[in-house]
Structures are given as structure tokens and as C-alpha cells.
Amino acid sequence: MWRYLIRRLIELVPTLLGVSIAVFLFIHAIPGDPARLLAGQDATLADVEAMRARLGLNHSLPVQYLYFVRNALRGDFGLSYRQQVPVLEVIREHFLPTLLLSVSAIVLAFVFGVLSGVMAATRRNSWLDLVVTGVSATGISIPSFFLGILLMYLFAVNLHWFPVTGSTSVRGLVLPAVSLALAPLATIARFVRSSFLEVVGEDFVRTASAKGLSDRTVTFKHALRNALIPVVTMTGLQFGFLLGGAVVIETVFNYTGLGWLLIQSIGFRDYPVLQVLLLLFALEFMLVNLLVDLTYGALDPRIRYG
Amino acid sequence: MRKSFILVALVVLMSVGAVFAAGSTVSIAMSGDAITLNPGDTNGNLDFTIERSIYDGLVGFDKDGKLVPELATSWTANAAATEFTFDLRKGVKFQDGTPFNAEAVKTYFDWVKDPANKFKRASLYNNIKSIDVLSDYQVKFTLDKAFGAMLFNFAHPAGRIVSPAAIAKYGKDVAKHPVGTGAYAFVSWTPGQKIVLKANPDYWGGAPKAAEEDFLFVPNAATRVAMLQSGEAQFIEDLPPELVKSMEGNSEIKVTAAPSIYVRYMTMNTQRKPFDDQRVRQALNYAVDKQAVLNVIAKGYGTELTAPIAKSVIGYSAQTPYPYDPAKAKQLLAEAGYPNGFTFTMDSLNSTSYQQLDQVLQQMFAKVGVTAKINPMEGGTFSNTAFQPLDKSTLQAVVLGWSPSTGDADWGLRPLFYKGSWPPALFNLAFYDNPDVNKLLEDGLTTANQQIRNQAYAAAEKVIWDTAPWVFLYSPYNISGQSANLTGVFYMPDGTLDGRAAALQ
Amino acid sequence: MAEAASSTAATPRAAGARGPRDLWRRFRRHRSGVVGLALTTVFALMALLGPVIRPYDPAQADYLNVSAGISAAHWLGTDNYGRDILSRTLVGARYSLSIGVLATAFSALLGSLWGLLTGYLGGWFDTLSGRIIDILLAFPGLLLAIGIIAIAGPGFKNVILATTIFGIPIFARLVRGSALALKERTYIEASQALAARPGRIMFRHVLPNILAPILVYVTLRIGTVILIAASLSFLGLGVQPPTPEWGAMLSEAQLYLAIDPLMAIAPGVAISLAVLGFNLLGDGLRDVLDPRIR
């Protein structure tokens, strides 16, 4: 197990290095001159050149990349072009809101997804099952921003139950979190339902039933535990996808998380922020994948890591 | 039982009290996000708006764009427009207790223009050769050469003065720790969300009425309107005209609109076919029904252009508008050798308001046989395309806007029509080159005598108008929404807000 | 977990043994699958006939009649330019569906080829491919698409490009796993023993065996791509107005929701139903073709 973990972590290093080069090239390939954008439409050429020097953009690309790696290894990720504040400080300011949003969304999705999935599966073909299957099929198909807009105008603009803009307060978190949660909730509910049905059909559950264990015990102790394996995988994967989905929802609710920061930074060609932000997204996504693989093993004793 | 009743009553009273206390907070929803609060390093209207509450300049503008005294009570300039002397207001203190005096003025401008600091607005003041403290309350600026528009550079929002103690303490971090002489003092800044200011009771202009002023950052216009409706904001900046309708029927909120110094136009590359022919450019001016454009795009909130600069810019001189006359347009096109029209690429930014304007223009041009292909671009891509020298430029025509941040004709004309302002130097995207105009624009800077300057600019505007490097469109109003019980927050013509006198009735 | 997904996909031709008539009979009994088929058929018809059956020119502005509600002339009202919302929604089907179908087809084609090659050739080529796939998959899909758009610029073609590129590694990984698994099977070993060329083995033996999971995945993927494309347009990075692409329409509509809610509801519902259609159809196909794929 530990050897497996260490091997997987070591494998991340070359990927991360590749990602950092890819990110660097990609950022510099975006058309647009940060010096010009920051100096403004009515800046003189001298203003623009002064700005270019201030940003350190007068070196060649490979040199700039090597500088980046050298400084990064020392823990120095440079200053945000736009705000002239250390990049890590900028990212830290926007990290907490996104963490809060995506964790509340995934918790909502997991709890209600598993609950409704189990309910649907145990009462197969009932009206409840029909509702859950119907809602989850729709939930996967509705774009999160459309849902966000609808919720915003219903509950914020017309009913005034929640503030219009998202914030880290509980009330401000509700609408963005719900909008973000629906798609993973639906996916998880479908998964729980189908893996549950599958597991219920398997021998050992039938055996457990035959041994005279109560329905409830069978459901929760045996079937659920086994059904959880793909569900955890799925939840983890969904968590990875949330990072992407959050970009759109954060835009709808003007919620100032990392996704919001990403769109802003692309607009201003804020290279240092973009570089670290994209690396962070990639790392987060890769770690989530690794974590999923590990949890998978912990839940299913049949899986052993070599 | 009685005890708990009293407790409940107390809690109720306290919360009522809290509501009243909160009532003296004015929340202003802004259309973007603040970047810096260092006036000398600012180039966005949004930052200037917040700085307006925190700082004062030597001179400033009033609501109508007229030059007014602020920290200077009077001023003189020599005839050659190389020396400017200010008498300063006495007894003023910065919010950190530092006294305001001539030394503070010198410290600030020396700091802003210092090339080592690389501040964005250094170019407004780097023509200052020396700053002399004549007495505690008198300061003299000497320029390296004549610059008649210098007073407007001092009135520019970048000329608002930072406490010398704050400069010494924070250096460039003044951007996040602003200290001025203004009506409101800085309290906190939550990036991307809001900036909180509190009243400065010692303000030289009288103690502010609202105890707290919050600037909230809300890029989505519909969200801003919703916040006004729900009472989360008392004033919203940049209300798109098409949303005015959504605010009707609510007596607690109202729409306010005021003329701006902003102009919208389509610039044409005068060095390339087909726009090298003056008749073609004039034809397109006749082809556009400006009143219809105003009604459709601005919902009537604006005025047709009658000069290359807006009415409230100093140095404006009215010209005869090009009437809507498609027949005349067709005739001019035929004379220029395009009886069947032509096709051109119309570049523009990709924001909704520009795209709406593009489409309306496209339809009007189509009526005289001219086909415009709309090419909307993202801001960064656009600036890359725009700032290319003529031999590399792909520009044919661009739908654009300009606002001279000094409020003076020089910055409303020179960056756009002067030969020396061709890209990449500045923003003369028409690649306009007219010897008379070049000369007149230079003349305008050789004196500080406003009457002589105005004559030069009036003559330049006439030539520009007649040779038509632009399709002259309109000057939009600055439109805002506010609670009916709010007073003292209003738009300045330059598109910034003045919220120093905010008060809730 | 990607390994887990690909190993299930390696199931041998579960469906191939049965005839198409048998498949159709089984599919007909799959209720939600049939609903999916019906929905996708309606949207396919809309995409084909939309420009013909639309009541108005979707680009024709009517400035005297903006944001007008439902009427006999305009069944879904008009938008902020006075354009007919129904016509725009009908024509929009063509954009959203062609992005979904084309991008998925391209990525399935290129990704499968890549996966077959790397899975079959193995060696350094496989190792290198694996790394590149890892790097591409290190980004959440929408972010990768945003990145590609940031470089290439917005627009219809570039949205297809972006969604194609981020689909390629997904198919490559899916097919590579299947190809690896199949390589070990006896009948391929037998053909190798008979000295058949590798290319022939790939296309004659490996490919048909993994067609079923690819087909299922393609169907599901179309829905995802439509969603991603709409998100891109919503962020202003995708298809640009005035093109009546649904995501772009929604983006414009957000400003007018209080005064003209149909501007948002029409394209929003259209996207949701189209994606729902492909998802249901994909689920149905999966259940019928191979109940063991998940």
C-alpha cells in the first residue's frame, strides 16, 4: 500500500513538470500583450515599455521559464501583474471561497445522491424510483449556469430569500452550492441505484438474506458497503469536475473564488497568476484521482496494490 | 416570564437600533473590481471613483466638468506656460494626522514622476523639471517646456495627493493602504468583493453625512439591478440602458442619467482603400441615422456627436451634423468610384453593447450597398491588433469609444488625430495625417491662455469634422440607478463617481 | 480509476453475437432509451430543418418590437433586438448539435486510432503516449477547453477544435486499455502466429470488438460536449453573438431575465432536453449492447 502510494506520487513528478511546461507555453501563446493591457488604451509607448520592464517580460521565453522554475523551487512565484501582490497571496485569498463552495456542493451531492439512490433502488419501480430516475436524468442534463440563473431569479430577485451575489456566508453559499451540486448529485444517485441493484443481485447478498438477516441489515451492511466502491470513485471524479464547473457558477453569482480569478487573469493576461493557478488545478485534479484509487482499495478488500 | 419579556424587548430594540445604524451605510455597486488605490498608478475609472472619496487634488472638476479649487485655493501660470504656482488651503490634515502643506505636495509629485517607481501615470507629470516649496502654503512647478494643458494634468484624478507619511511608511504598498485628505478614510479591502470606507469627521469640506461607504464589486449588470431592488445596494454604477425598463414600477428606486465626456465612433483607416477617399468616409457619415442609433442602442440616453469630442470637454466647438441622407451617401460613393458599394471588415470589441452597435451600423450601411463584416474581438486580442504600425496593421474600420481622462480637448484630440499618435505610439487608429490639424494641436499646447487654446481646438475640430476620419456617432449618458432616498452620489462627466456627499434621507 | 473504466470496456463482443433485429427488439423495451431516441430524433430534425421551418429570419432585428412577450406572431416572444426567440432556438439546434456530433466524432476517431496504435505497438511509443495523455487529462475538461479557446480565439470552429482536443485523450485511454486486453486473447495470438500484419489485426479483430463501448461512449459524450460548448459560449469564449447558439443566447439573456425571461428559458430548456436525449439514448444503447459496461 505505502509502496504503491509512493510510486504513484513519484509518477506525478514528471507529469507535473510536463504540465508546467505545457501551461507555460499555453499562457504565452494567448494573444495579447500584458504590458499594453495594464498600461491602458491611452498609454504612450514609453508608458508601455516602462510597464514591460516592470513585469520582467523583456527576456526570451526559455529564460523566462527557467527563471520561473528556479524561483518556484525557492517558493517564490512572483508578483501578480495586475495587483502587484505576491501570487500565492492572491491565490490564497481566492482559494478558501472555492474550497468552501466545492466541498459544500460535493457534500450535498454525496448525501442526497446516496440517499435518493438507495431509496430508489430499495423501492424499485415505485413512483419514488421513477421520480429519482427522472430527476437525476434531468439533473445531469441541465447546464449548471442555467440552473444558477433560474435559482437566482426565483429565490434572490423575486423572493429575497438569499442574497443575489454569492459570498462565503452561509446564506450566500446556498444558491451557488445547490446549482453546482445538482449534476454530481444526479450522477451519484444514478450510480448508487444501479450498483445497489447489481449488488443486491449478487450471491453473497442473497446468502445473507437466506441466512435470515433482516432486510434493513442486508441493505445497509452488505449491499451498501459494496455499492459504495463505485460511488466513491464517482464522487471523487465528480469533485475533480467541480473545479471546472465552479468557473461558470462563480461567474454567474460573482463568487470570487479560483474560477473567477482564472477568468479575470485570462482577461488581463496575468501570466504569474495563471501559471500557478493552472498548475494548482492540475495538481488538485491528479491528487483527487490518486485519492480515488486509494479509497477504492480501502473499500474493496479484493483489490491489492502491488 | 417578565424577565424574559424584557430580554426579548431589549433584543428587539437592539436589532432595530442595529438596522438604523446600518442605514447610515451607503453601499455602491460598481461594475468591476478595484486594482489599486494609489492615484499615481491608476488607470481605471473604478479605482478613481473610490480614490475620489479618499483623496483630494490641488484642483478638480465639478459636476459639469468645470475646473474648481480643492486643496489649492488659487493658482497662476506664466505666459510661456512653463511655470504653475499654487496657493494651498490651510489647516488641512491627512487622515493619519499628517499636516497638509507644500512639502506634502512636493513629496507626492516627486514620487509619482520618479522613473524608478514606473507608475502608470508618471507620464502626466514627467514634464515637471522642478518643484519648489516657496512657503508652507505655496508651491511652484517648473516644466521642461511649454505645456498649456498642464492645469488639467493636475486636475486629473492621478493628481490626488497621498500622505507623505504613508508614502514613507508603505512605499508602493500605498496601493493597499491609502491615506488622503478626503471625506472618507480607508478601512478594509476584500479582493473581488468590496472596499469599506468610514467617515473622516475632520474633513475640510465638512463632516460626511453617511458613517460608512462601501464599494461592492458586481460585474454583472442584472445582478446590480437586483441588488438595488433588494436593498443590498443604494447606488449602482453603469446601468445598461436596456435594463432601465426593469426598474420601472418601483417607487423606492430611480434612474439617474448625466452627460459624459465619452464618445462612440467608427474610425476608418485613412491610408488604405476604400477609406483613403474622403468622399467614402463622408458617405458613411450620411448613411447612419444617428437618432435611430441613439434610440435603439442607448434607449435615448445620449446625444448625437456634434464634434469629435463631447460637449462637456473643455475646448468643444459645435459643428454642423451630417444629416441622415442615404441618397447623398450613394451619390458620394458613386463619385468615389463605388457605385455598387464595397465590402469591409468592421473590427470591434466583443462586449454586448459593442456588438449591438455593430449590428445596427451593419444594417444601415447595407442600405447604401456597403457590406460590413463584423469581427468582434476579446480585449487582449484587440489591443494586439490595434497597436500595430501601419505597414503591419490589418485595420480597416473599428467601432470604438474614447474618453479624455483630463477632460480637456488636447487629450480628446491629440491621441486620436495627431500624426505622432499613429500606433503603436498612441491611438490614432485612423492613421489620420492632416498638416493643419497637426499644427493646430501643437499650438494648443504652447500657451496656458484658455481662450487662445480654445480657438486652436475649434479650428482643428472643424477640419477633422469635414474630412471625416470617423463616422461620428454619439456620446452616451452615464446612467445609474439609486434608492430614492439617497442624495449626494453622482456621475462626473468622465465616468467616475463622486460619492463624497452621500447621504440617506 | 481510469484503468477500472477501461477494463470494463474490454468486454468482448457481447452484442455482436446477436443480430440487429434482436437488438432493436430489446431496445424497444428500454423505456428511457426510446424516450432518448425520440428526443434526439426531434433535435436532429430541428438541426436539419430548423432553417427551413423557422417562422422568421433569426437575425432579423425589429427595434420597434423588443422584448415583446408571447403573441400569435411570436410564440415565444422576441428578444432584446426584437428577434423571434422561437426561430433563434430552432436554428440554434444546428450549431449546438453540429458541435456535439462533429467534435465527438473527431475525437472518437483520432482518439481511437491513437489508442489502438499505442495499445498495440507498446514499447516507448506507449510510454510517451501515456505521459502525454496524463498531461492532457491533468486538466478538468472545461479548463482545457478554455485554455485552447484562449489561444485560438473564440468562434464556432474553434469551439469544435477545443472540444475535440480534450476528447481525444479520453477515447485514447479507453481504446488503449481495450486493445491491450484484447491483444492477450487467443484468437489474436492465433492470427499473429499466422503472420497477419499488425494493421490488419487491429482493424479486423481488435476494432470490431470494442465498437460497442465506443458507440455507447460517443452517444454519452455528445451530451457532454454540447454542455461544454454552451458553457464556453456562456463565458463569452465560445460561439459569438449574434449567432443563435444556445449558450450564447443564454449569456445574453442573463441581462434581461427580469424583463424577458423567455430569452433564457427557451435556449436553456433546449440545451437541457438535447443533452437529456443523448444521455438517455446512450444509457439505452449501453444496457442493450452490453449491460456490463458502466
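A few notes on this one:
Each chain gets a letter, A, B and C, in the order it is written, and its residues are counted from 1.
By definition in this document, contacts are C-beta pairs under 8 Å (C-beta built on N, C-alpha and C of every residue); 3 or more make two chains touch, one makes a residue touch a chain.
The structure presented is a predicted model; accordingly, all values stated were derived computationally and were not measured.
With centres taken as mean C-alpha coordinates, the chain found closest to the middle of all protein C-alpha atoms is A. Distance from subunit C peaks, on a Cα-centroid basis, for B. We define each chain's centre as the mean of its Cα atoms; on that basis subunit B and subunit C are separated by 46 Å. Remark: subunit A and subunit C have CA centroids separated by 21 Å (rounded to whole angstrom).
If you average the Cα atoms of subunit A and of subunit B, the two centres end up 39 Å apart. Contact with two or more other chains is made by residues 153, 254, 257-258 of subunit C.
The residues of subunit B that reach two or more other chains are 220, 226, 378, 381, listed in rising order. Counting partners per residue, subunit A has 30-31, 153, 157, 252 as the residues that reach two or more other chains. On the side of subunit B, the complex with subunit C involves touching residues 220-222, 225-226, 240, 242-243, 245-246, 292, 295-296, 350, 352, 355-356, 359-360, 363, 376-378, 381.
Of all residues in subunit A, only 30-33, 36-48, 50-51, 53-54, 82-85, 90, 93-94, 152-153, 156-157, 160, 163-165, 167, 252, 254, 256, 260-261, 264, 267, 269 touch subunit B in the complex they form. The residues of subunit A lying in touch with subunit C in their complex are 14-15, 18-19, 22, 26, 29-31, 133, 137-138, 140-146, 149-150, 153, 157, 194, 230, 233, 236-237, 240-241, 243-245, 247-248, 251-252, 262-263, 266, 278, 281-282, 285-286, 289, 292-293, 296. Those residues of subunit C lying in contact with subunit B across their complex are 61, 63, 67, 80-81, 153-154, 236, 240-242, 252, 254-259.
For subunit C in complex with subunit A, the residues that touch the partner chain are 1-2, 4, 32, 131-132, 134-135, 138-143, 146-147, 150-151, 153, 223, 227, 230-231, 234-235, 247, 250, 254, 257-258, 261, 264, 268, 271-273, 275-276, 279-280, 294.
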